[in-house]
Amino acid sequence: MANILNWIIFIPLIGAAVVLIAPAKQAKSIAWLTTFLVFIISCLTFGPFLDGSYQAGDYGTMQFESKLPWIQVGGTAAADGSRVGGFNINWHVGLDGLSFPLMILTTLITWLSAWASWNFEHWNVNKGPKGFFALFLILETGVLGTFAALDFFLFYIFWEVMLLPMYFLIGVWGGPRKEYAAIKFFIYTLAGSVLMLIALLAMYFASADAMGGKGTFNLIEYATIPAITEMFNSPTLTFLGWNFGKAMFVMLFIGFMIKVPLFPFHTWLPDAHVEAPTPISMILAGVLLKLGAYGFLRVCYPLFPEAGAQLAWLVATLGVINIIYGAFCCLAQTDFKRLVAYSSISHMGYVVLGCAIMTDVGFQGAMFQMLAHGISSPMCFFLVGVIYDRAHHRDLNRFGGLWLAMPKYGSMATLGFFASLGLPALCGFIGEIWVLLGTFNAPFAWAKTAAVISAFGVVLTAGYILWMIQRVYLGKLREEYAHYPDATARETAILFPMAVLAIFLGILPKYTFNLMNGTIDDMMVFLNPIVTKAVAASSIVMGG
Amino acid sequence: MSQITLPWVARSPEKLASYRRSAIVRLIGLGLLHVALAFAGFLWLEPFNEAKLADWKIVPVLVLCVGAGLAGLTLIAGGLAVATYERIGRILKWGYNAFAVFLGGVLAVCLIVWLHAFVFELVKTSPSGGTNTIPVLGIPYSLSVHDLYKAMESTSPGIPFDKNVRLTIPPLAYLLWPLQFGLVRDLVAMGGIIGFVSIIPAFGIWWERKVAGRIQSRMGPMRTGGWHGWAQSAADGIKLVFKEDFIPSGGDTLLFKLAVYIVFIPPLLAFIALPFAGAWVFRDLDVALLFILAMLGIEVLGVILAGWASNNKWSVYGAMREACQMVSYEIPMGMSLLIPVMMAGSLQLTAITDAQGGGFWNWFVFANPWCFIAFFIYYAASLASCKRAPFDLPESESELVAGFLTEYSGMRWSLFFFGEYVAMFVVSGLAVILFLGGWKSPIPEEWVENAVVQMGAAENMIGTIIRGLFKEGPILFILKAAFLYYVQMWIRWTLPRIRIDQVLYACVQVLLPLTMIVLLANTLWILGVEHLKLGWLVTVDTGIRWVLVAIGVLTAMGMIGIAMYGYKNNRRLVGSQAANQLPGS
Amino acid sequence: MFEIGLNHYLVLSALVFSLGVLCMATKRNAIGILIGVELVLNSANINLVAFSKYSAGAADGHIFAVFVILLAAAEAAIAIAIFMNFYSALRTIDVDRGDELRN
Amino acid sequence: MPTGLLILADMWMPSADDLAAIGPLWGFVGTLVAILVAALAVGRNWRVTGMLAALGAAVTGWMALRTVMSPPTNWAGLSPNNSPMFVADQFSAFFVLLVSVFMLLVIGMWWMGQNAGLPERLSRKGDSVEFFILLIGSAFGMSMMVSTTNLLMIVLAVEMASLPSYAITAFRKQHAKAAEAGLKYVLFGAVTSAIMIYGASLLYGHYHTLDLAEIGRTIRIEGAPTLLMGVSLFAFMVGVAFKVSAVPFHFWCPDVFEGAAIEVTTWLSVASKAAGLGLMLRIISVLTFKIASPETLNTLATAIAVMAALTCTVGNLSAFRQTNMKRLLAFSSIAHAGYMLMAVAIVWMNNGSPTEGVAHPAFSAIVGYISVYLVMNLGAFLVVAMVYWATGSESIDAMNGLMRRSPLLAVMMVVFLFSLVGLPPMGGFMAKLYLLYALWDATWYSLVIVAVFNTLISLYYYARVARAMVFSDDGQPAIRVPMVGQALATVCALVVLYTGTVGAGTLKAFSDDRAKDLYAVVKPGIAVHTAAESARPDSVNENGTLWNGQNSTTVPNNDGWHIGLAARKVDSDRNKNGE
Amino acid sequence: MDAVAFYIFAAVVLASAVGVVVSKNIVRTAVCLLGTLGGVACLYFLLDANLLAAIQLIVYAGGTLILIVFGVMLTSQSPWVGFKPTRGQAVVATIVALLLAVGIITLTTTADWRPSAEGPLAASPKVADVGNSLLTTYLAPFEVASVLLLVVMIGAAYLARTEK
């Protein structure tokens, strides 16, 4: 555990234990300290990423890598200690351009939302803070572990570890329909992970076949060892009568798309957001949704590029539907939080679209959009939370002119929502435009159509955000809100880092792109030929 | 006899006399007709003619000659009996001393022994002729009448039969011929068993009443029949046959009727496996002991059903008590019976008896102290399983009216008693076979054999009789069994009835542990004496055996002494004085 | 027809078995069902003994049958005791009346 | 005087080594006797009885553990002929260990229950003698179920396990539900065991032996069993399916679980199923070992697989509507039996060529699963029991607000419940993963999918319990729970968490070690009789060519367990002469 | 002769088994069972299984059956312990049982039962054989059965005991 990454993953768990032991009054301070500590430590890992030294031109080069044997049993032992015909499961974590930015995002957002839950007593008096903060910290461990895991099995475990804390956090400390929301979230997510479990086994067995019985769960090896990639993408290998690669891709995709969430499986999200307490909504929108998209980038596309290329039309379609559908839903909302939730759906659509086209611009756009959304949406949720703390309702139509009553808060809110809108010079813009440009230039026949349709999403977004701002912050101040105090120091302090980042990302996106470009370029080395081939094949079909 | 009133007998003596006259005439007439028919058959079929023996004649000879002749003689005898029944009664009365009757019975049994042995040996050892078939039925057989005749003429070896007496009665061959078929032999044996079994309860009930009378200082039945009420059972039987058959309403009629048979048939079936002597057994089963126990066990079901079907509280109580009692006592009973089984190494009753030959000191009851105890356990348990006093809870009159018998009357009622008395004989017989040397004589067999040879009667009928009386045979068995039968009555009329909880306590808390201890101890004892041959134990064993034998001898002598004393001083007993004052005594 | 062989016993056993199953299926009385079980056990025993005589030719079948009888007795003892408990609790042994545990 | 006993005295007797080989079984019988003697000596003292039973279970467990930890040995015998009555190998020792450890835990639970002072508790303290006689009797039966390959012994063992179970189900005499549960249990049990015996009789008719190994050998030579034999085999398995409560022989399970006292329910939920599965595995492994064409028994394997899938699905779906915790857990246990049965089905399929020294994946999966299941199910029942003792209610409403009323219990219960679902990082997930791995290994993808989707649907009802504990608080007062109970539950939860995280490899290694031995009893290669005279091999089986001994120290063409038995030829000859 | 006996006993067995099924009164059912048990015992005699026949009578007819009848009587208030399956149920059950019977008969009578080489009668075991087997080959089941009976006895006694 000497590795700093391991500490980052497990400090929250230790913090959770301390929270449980310590007196209830200290829980929130401990949680704050722990998350802050994790954030600070995670900032220490900037080193190799800032100076670009992590780019070795080879996909799978990891920083802060830590590999320990975990479940290595069964079968017979090979010379290197791995098992032939048994299990090879390792504790294998590491950071690269895909996971690092998201991890930093996670530690930051978690810290901020831990701080945001300081008015715990305010939103639920009866239920002890110990449980809340312990679960909160366990959740952080789960998220960090998932981002850092390089062993698919470990990935799966951490993926599932997030489930229970989230279930209870929504279910206990949520709103009026918390139980419904919690179980809905739980079952949707578990359904996805069940498919992932099947894929996990299938891939393990396929890799074992490829490696002469020495199966592996290593995500990097899956993508880089030729024997395994051949096996995974072989046109002849089948699974239950389908092409193996396609079947795996689809199963994993469904598993991840539930988390994103993509169109048919998105319904849990508004419920969960509406019912969850503010800090949980922040985490959910800011971090948890990214896990699905991270799964696409980490697992689906590097491992099954051919299936990805062949099914790109489907993924892109879903992404476009998400963008447009989410935006339309937003237009129809009267619940402030629900609106923000649907806007998340819409924004995550860009991420999916960016992934679908499988070009470097698309991936970069998707990653950037994830980060941008990871900053803007917690900010939005917190803003909603702030006003909810005061008004105890979220009905858009009952607000009005809040800016007048709360100028500091109003400014922050405008900034946050504009970032979400995708106003140039704010973070949202870069991600969206990158994805749209990438899509427009993508080699697929349908790409331009998709780009054009998606561009309408931007318009719709602008529409609903502006309408919302107009309804809530502008206009005549209503009597009942006149006496509302402005944002407190704590609230300001929470909003401030996000506001700064939103501007920073919007103005100097280069530094952010630098963090991830190396890895995406490495990935493109083997993705590009496959995409080209797939496009060629499909155009032949289309031509013929 | 005159006291008996039959329903169809007119009240007036005149009518009675006329009925009697017409009966005599008809019987004798019919009898003569049959005899004439038989004679005609003889003339036609010529069965005496040695040269004209033929298989095809079997059926006509059996029907016409033998059947018609015997039927005619029987009818004539019946007619004569009706004509002279008063005289017969006087003749029987003349035999004031029972000994003569008894001796006659014994002689008859000896004769039956001889005949039995003869027939079966003959069939067994006869030379097999050609394969013939019965014309119509198509059943194959090996022995023709002629073969049989030849075999009889040359007298088969091993049969105690005087060679000088030539068999000159060929019809006997016709008569014996069917016996080569197993079915026929079985039927004959069954006839014998059923006959014997019907005698047991009739005799037993009379005897029980006499014993009860003597023990309670009264005479017992004295009126019906001449001598000591000998016809009492027959009279009771006739009475019961004609009594109204009462079936309670609300009960289960079918089961009410069925219960009787479930009680009454199994003890009868026990005789299938109960040997009277070496060859005197219907089926020499290798699991005879278990079979008999099973038959005794099934009886319970009938009792329960009887109680149930009577739709009467007392009946159900009685049945439940009975079931509890009999089922519980089966366990110590069965376990104590295991001890002789262990000694003999077989469940076959003939084999167990064969292991006890050579003098009464070889009887299993004296074999070792455990066997001695086991005998008494068995005897006590068998009393309970026959629901005899002191275990006659199921029918304890003072509490339950008559228990499961309450609603029964007439013939059904009597069949229950029939079953009970037969079962009494069966358990006594089992005790005799397992513990008291069965049909073996108390004195060593060589002694009898030597005596017969010295008398020069080795080959003739006298020798047969002596052997049958003193060496081995059904008579010895029946005598021994009758003694135990008598002891059962003795106990019944001596001991008071105990309570149901005491009954069950005695079984579960006393007899059962005791039997277990005895079983275990006996096993170890035999192991020590016979297998390991521990010197000290062998010595102890021999010593104890002689002590036990001495106890046995002293007991026997004491009983004989008491009986003699009683016989001699019967006039001095209170009961006799009382009896003398009774009318009709 | 007059030569009795294995098949005769097997047919008989099959019939008894079916009757036992029928009994178990149609009786609503717990003891009735138990009696059906006894029929099935008897059919199994007929099989065992017949096989022992006609095909297998060893004591195994007999021994098995002995144990089956023993088991039937043990089972009946426990079953009757439980029925009596049930009866004293619910005043019936109609299995359809035991529906307290239905959900 | 020729006495019967003399013949007996010269008969074959089991040697001391033979008797020692079935040591754990003696443990149970000895405990039984000790409790009876103690009851006679000191009267009906529930503490003495409980201590004795615990001691007996511990000793038995220790003896089983010694076998489990010793190098693989295989013993089969206790009979002078070639028909071993008992089998003692790693396989059986593992299950005996399981049963005895579980019994120890159940005794702990019972102890707490006795102290709880609830009016409707298991029994009066004075009845503990009967209770333990019955409990140990069923434990003995369950141990025997996995320690034999003889049809007669199997039937006896199943009855030995069942009959006392019927009695302890109806043990609460004043309790109408208990009586009803006992009634249903005994009726279902009697019917299935009758059908089982009928099946056994037909098997005997065709194969002329009661020895399953012999039957397996015949199948190897003759090939596929006929339709009738297949049906008979299935009928025979019905009794076992009843023990594992496989659909459609599961109807007893929820009623019995609800009606029986909670200690008894706990006991039946794991031990009975474990033994049933062990027996099923034993039958299958012995019958299908080295069968020339594995397809011959495919129909039966498919039948078991279908049964497993049904069991799983029906169990999970039926659990949805339950409001009684015990009933809910009963259906959950049916579902879990279904998961394990899936692995049984693939043992049947995967018989082609067991590799020497490599664990059978399916069996390994079952071992792992059942080990974890034991702990998590005990834990769940323990929490339900403690709530029951405190409130007198077993309904799901009694759990309401447990998070506030007894946070520790609630947290433990959450761990157990989600372990039962099969969520990481709980041991239940690892167990299920190994199971799925085995299913996949056997290429039964359909079973994998069934299992996985059952996991998904099972989530709902387990989460309902969690919901009751955490979300819905109806203001019931806080409960006091015994320290021992808290400790026991904590230990169980820690074990569950340990096996799900750090100890996952240990769990797998443990299972693999146990699973190496599945075919030992039919493999002459490592079959060594413990008896000293086993060095004199003189009975060579004509079928010995089927297995060429890999181990040079054993005699080739020698049919396994006959080695040691043949040495008693002298005895059996004398025996023959004695007839 | 044997054939006649077989047919008689088989008829008894079947008739009483049918009686068991059709009789509406549970006590009569039990009595019919006696017929079956007795008939089967007779068949055992025919099959040279004397010991088994005796055990069947002594344990089954004399013990188990009485227990059952006891149970019947102790668990009924009225003398008519009836049962009433609906007509539909009865018909369905009968059809199923008929199919079962036909199926089993077809399968068993056409199966190859591999008669033993020594011929049928040569090998039928005697009482001593059975006894020897019980104490040698089947010593283990014998002992196990004793434990079983002990446990069952205690259990049944406990359950049947009235609560004080």
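To keep things simple, chains are lettered A, B, C, D and E as they appear, and every chain counts its residues starting from 1.
Keep in mind that, in the parts below, contacts are C-beta pairs under 8 Å (C-beta built on N, C-alpha and C of every residue); 3 or more make two chains touch, one makes a residue touch a chain.
Bear in mind that the values here come from a model prediction, so they are computed numbers and not experimental data.
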Joint neighbours of subunit C and subunit A, given as chain labels: D
Most heavily contacting chain pair (counted by C-beta pairs in contact): C-E
Chain nearest the global centroid, as defined over all protein CA atoms shown: D
Separation of mean Cα positions, subunit E and subunit A [Å, integer]: 70
Between subunit D and subunit B, distance of the C-alpha-averaged centres to the nearest whole Å: 58
Computed distance of Cα centres, subunit B from subunit A, in Å: 101
Subunit A-subunit D separation of Cα centroids, rounded to whole Å: 45
Interface hub residues of subunit D, defined as touching at least two other chains: 152, 156, 159, 163, 166-167, 170, 173, 182, 202, 205, 208
Sites on subunit E at which at least two other chains make contact: 51, 55, 63, 70, 108, 113-114, 116, 126, 129, 132, 137-138, 141, 145, 148, 152, 155-157, 159
Per-residue multi-chain contacts in subunit C, two or more chains: 17, 20, 34, 36, 45, 50-51, 55-58, 60, 63, 67, 71, 74, 78-79, 81-83, 85-86, 93
Subunit D - residues contacting subunit A, complex: 358-359, 361, 364, 403, 407, 414, 418, 423-425, 429, 433, 436-437, 440-441, 445, 448-449, 452-453, 455-456, 459-460, 463, 466-467, 470-472, 504-505, 508-509, 512
Contacting residues of subunit A [partner subunit D, same complex]: 69-76, 85-87, 89, 131, 156-157, 160-161, 163-164, 167-168, 171-172, 178-179, 182-183, 186-187, 190-191, 194, 197-198, 201-202, 204-205, 239-240
Residues on subunit E engaged by subunit C in the complex (per definition of touch): 2-3, 6, 10, 13-14, 17-18, 20-21, 26, 29-30, 33, 36-37, 40, 43-44, 46-49, 51-52, 55-56, 59-60, 63-64, 67-68, 70-72, 74-75, 77, 81, 83-85, 89-90, 93-94, 96-98, 100-101, 104-105, 108-109, 113-116, 118, 120-125, 129-130, 132-134, 137-138, 141, 145, 148-149, 152-153, 155-157, 159-160
Parts of subunit C lying in touch with subunit E, wherever the complex brings them together: 1-23, 25-29, 31-32, 34-36, 38-39, 42, 45-46, 49-60, 62-63, 65-67, 69-74, 76-87, 91, 93-94
Subunit E - residues contacting subunit B, complex: 1, 25, 27-28, 31, 34, 50-51, 53-55, 57-58, 61-63, 65-66, 69-70, 73, 79, 126-127
